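Common to both upcoming complexes is subunit A, partnered first by subunit B, then by subunit C.
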Partner chain A sequence: MKYLDEYRDSQMVKRLLEKIRRTVTQHLVLMEICGGQTHTIMRYGLDELLPPQIELVHGPGCPVCVTSTSILDRAIEVAQREDVTLVSYGDMLRVPGSKTDLLSAKSRGADVRMVYSPLDALRIARQTPERKIVFLAVGFETTAPANAMAVWQAHREGLNNFFLLASHVLVPPAIRALAGSPDNRVQGFIAPGHVCTVVGCRDYEDLVQEFRMPIVVGGFEPVDLLQAIAVLVTMLEEGRAAFSNEYARSVSYRGNIEAQRILAEVFEVADQPWRGLGEIPQSGLRLKSKFAAYDANQVFALTIPEVEASSVCISAKILKGLKKPTDCSVFGHSCTPESPLGAPMVSSEGACSAYYQYRRHDLVVIQ
Partner chain B sequence: MCLAIPGKVISVGEENGIRIGRVLFGGVTQPVSLDFVPEASIGDYVMVHVGFAISRVNQEEAEKTWQTLEEMGLLAGELPEANRTAGLAERDQS
Partner chain C sequence: MNPLSCPLPLTETETVLSGHGSGGKLTAELFRSIFLPAFSNSILGRMDDQALLEIESARLAFTTDSFVVKPLFFRGGDIGSLAVHGTVNDLAVGGARPLFLSAAFILEEGLPIATLRRIVTSMQEAAARAGVQIVTGDTKVVEKGSCDGMFVNTAGIGIIETTLRLSADQARPGDVVLLSGPIGDHGIAILAEREGLSFESEIASDTAPLYSLVADMLETRATLRCMRDPTRGGVASASNEIAQTSHVGIQLYEESIPVKPEVRGACELLGIDPLYIANEGKLLAITAPEDAERLLDAMRRNPLGTDAAVIGKVSSENPGMVTLRTSFGTTRIMDMLANDPLPRIC
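And then the complex of A and B:
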């Protein structure tokens, strides 16, 4: 309750909560996919404001959290080469690989730089033609078109010192893997608003048909999320499985056609390892063969295999909705955002980090 | 890293063959690719993710989203330091 009053739409929030309270009659497990949504839920304590029958579990929607250790190990290896500058988005630099992380490699002399945009990565490549710029490009469908554009642009400009170490993940195959798994507990999904802004709604409609399970596209503000939850609860109580777009001010049915075009031009769908979830068929993107000259894996012959991360980390179970961060024995003790043992503690959109920011004090009281 | 930040397009030009807009965030402009929103022009508000505009929004929506992201401390991961200091009000004066 502590955060609700500071939110300007608190009347609207109260109305939605009341509606949900009146509708729900049974225990329902709902999963939000996107880490930004997880952050909102924790920040405003939405999970505590909702009636106790509704259990929110937090899905694999933080790109930082699901990037496999083998990709990080490759990034760290290539960063140590004399002639290479490794650039990536901020949070990626702190994610532990199987032995170390990129920031530690930097402190030992590797040229590692943080960027906010693939445009920055291109600029560095233009400005330092004598160095090889390797861009560790992660992300869901929201980010992949921007990363694709960087490659396309490098190609257009004839930049021959720009390379992509790509780890892209796609949301629908992850939902398919979760919903189809024998230990699945999730009854309804909140689909990620900005992913759908780019790719549209078609795939999600198909998933509803495939699993007879409601899916609702939601935004990132408390009202958006409660609205999505209210629609899911109503459908589940009525025994209906349908698709609904509750973030229509950003998401159109077809999505962003220009972004989809560049995605299809540069990448093709491929099997992809997810940290915690293992390999999921057809759930990632790799460079098409005509862009092989920009593929860091091929150019630098990077072949480090996947190694399982730290054994204490239960992030795999958290990303599947089977456990909560607070179930982890090292949560808040030896694993904190300052010294993360697992990826979900690194990014502010990771479930463990969100719980750490907003729930660890409650825990101390309970203990 | 999966969020998009609203900003206002104040100029549109071309750099290295990319359609680049100067977009105002928190009092500071940033170059943003407008390749995915060919319909966007000066004065429009766009949602920007990793330096690329992915959709157009109206001003009210942009203001609301900016405030929420600021309130939640989520601008940090998406924008360089200098751009996070001022709110949307200051942005409109520049």
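And then the complex of A and C:
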């Protein structure tokens, strides 16, 4: 299949691995930011193919995982109101809040529906004017423009029964928090390709300057990731801190200007809680006051606070790259995808979930 | 805001979830915790796709299946043909020649009679093709809103003429895993029809009766251990059931598993793995290694198995697990799904 097979080509993978092997001379800790990238690494076993000096740690880039429990609790609370239809993406419906999840609320009678696009949520709002349609919107810079567009469209049409319950997170402030943390181990970042497709590269260049640390934009296929790793290894071995875009088939320097315009019109940057990491300054998006009538938090007066942490979960250390999922005492025992104790086990793109899915046992390799 | 905010665990559910119908982990849990203890007997305890009934000298296979597919009509079939094929295939993979079916209909008030007639005609055509008769049935009507158009239940009886003991507990280290053709067609065909997911697709469901293929396979006298039609949960779930029941490891070779390019494309777009997608006309077989080649030839000669392939082997390593060998030579776990990626697929 074109645009796919060439990025999974085993000869190409072999060549890149050979290049990395020839270049690396020291222990290097690299972090891929995006959960999709983590998933590819685990699925294809790229970490096992890399030379032992290279340690991959997995970043906080799974939007479902880092959505705070308070947002989920609010979604569940508002879904149970008589006149409300709660609409969201399929993978959000089974993410547990502090007590239950939306699918369980649905099985007890709440009107919860799955959609594939925020514009489908708008359509439901138009078709059922007697009900209040709350769209639970989460995600990074990738999904935010479509959610912004839904609010903008609702405003233009004068729809008064569509509301956004949003948890939008931004990648650069998260990298800043990780890189600036006193216990940081990461020496180079693989930036998330899809996010950069939307917002462009400038913020990442700034981070390179700020922390004197190489950042390379990477894609999501094995060849993309190994190419990004090869460039990072070369930079680190040469003692250079530079920026490079190794996902140029999707990412342009300036990004998607139209998407950035709608984001700036509808949202403003705000402090944001991350499940597993806590509050990171200026790392989220909230609706501008002009669109306050669409903010479910305000309209429904939702004020459920964050719940206490599980004392055994080490997710903060995992999301910072200080520990591996398999270092956790409850991994695969009391913490599983069916009953997650922490953020990275919650969604299939989380690091703990990827380890659980592909690697939870020491496998005997059968020849 | 607590700096280390983690969710509390969700333990047992108090209500039925859509995942309980996925054919994966939750379905198995429901079976083990509710149905098996209540109905406890050795026939049910074998947990095969069909019950083996030994009545004097006759060996009969008996099975039942309900169909709630949404929408009722899709490219390549409809709820009627699916209801026939699903049940005759559950009999066929037990080595049984399907003979008789029952058909029970739960109809929603307001369903057009023309729709019902069209589906019943399709059932009759499917039954004729599968060589079975629909000999008994039932009709119930529920008020509007209590079901989605119609649900169908079929039960079937077949006769087992082979002396092989085909069961999920029969796989042994060294055995070979065969698959009759490309996977994922049914699930993707249904998804393409779903409201809200309007992608253009030429992919048709593979729904078909499998007994002619099974008969050709039995005729080779190969030492078959077990057969499954990988419906809900796909090849991954069917393989996991066999690995767990036989206490063996099953290793699949990623590169050998046939998937049509258009199905692969749809799976890439939707972020789902074809190994977990339902098939309605495919057969997964475990055989003794010395017979694998012969069996594969026989499968390929049948129109339902032209693209049959060896996709893996059984091992004493990694018991109870299915592993996948990737094209890069690495190995990973191919787990059973906990949740349902595509509800109401059959």
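Assume the second predicted complex is superposed on the first by the 352 of 367 C-alpha atoms of A that agree within 3 Å, B and C clash if a C-alpha of one lies under 4 Å from a C-alpha of the other, contacts with A are read in each partner's own complex, and residues count from 1 in each chain.
The rule we apply is simple: contacts are C-beta pairs under 8 Å (C-beta built on N, C-alpha and C of every residue); 3 or more make two chains touch, one makes a residue touch a chain.
Predicted model only: the values in this text are computed from it and were never measured.
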item	value
Contacts of A:Arg43 with subunit B and subunit C, given as first, second, both or neither	both
Touched subunit A residues, subunit B compared with subunit C	C
First (subunit B), second (subunit C), both or neither touched by A:Arg360	second
Subunit B versus subunit C as contact partner of A:Tyr116, first or second or both or neither	both
First, second, both or neither for A:Arg275, with subunit B first and subunit C second	second
Touched partner set for A:Pro173, first subunit B, second subunit C, both or neither	neither
Touched partner set for A:Gly332, first subunit B, second subunit C, both or neither	neither
Subunit B versus subunit C as contact partner of A:Asp101, first or second or both or neither	second
Touching partner for A:His194 - first (subunit B), second (subunit C), both, neither	first
Interface residues of subunit A shared between complexes with subunit B and subunit C	8, 43, 116-117, 120
Partner subunit A, residues of subunit C touching it in the complex	1-11, 13-19, 25, 196-197, 249, 251, 261, 264-265, 268, 313, 315, 317-318, 321, 323, 325-328, 330-333, 335, 338-339
Residues of subunit A defined as touching subunit B within the complex	6-8, 34-36, 39-40, 43, 61-64, 89-91, 116-120, 122, 126, 138-140, 142-143, 145-146, 149, 153, 156-157, 192, 194-195, 197-198, 220-221, 249-250, 256, 258-259, 262, 347-349
Parts of subunit B lying in touch with subunit A, wherever the complex brings them together	1-4, 16-18, 31, 33, 35-38, 47, 49-52, 54-55, 57, 61, 64-65, 67-69, 71-74, 76-80
Partner subunit C, residues of subunit A touching it in the complex	1, 4, 8, 10, 13, 42-46, 48-49, 68-69, 72, 94, 96-101, 103-104, 107-108, 115-117, 120, 222, 273, 275-279, 305-310, 313, 315-316, 334-335, 337-343, 346, 357-361, 363-366
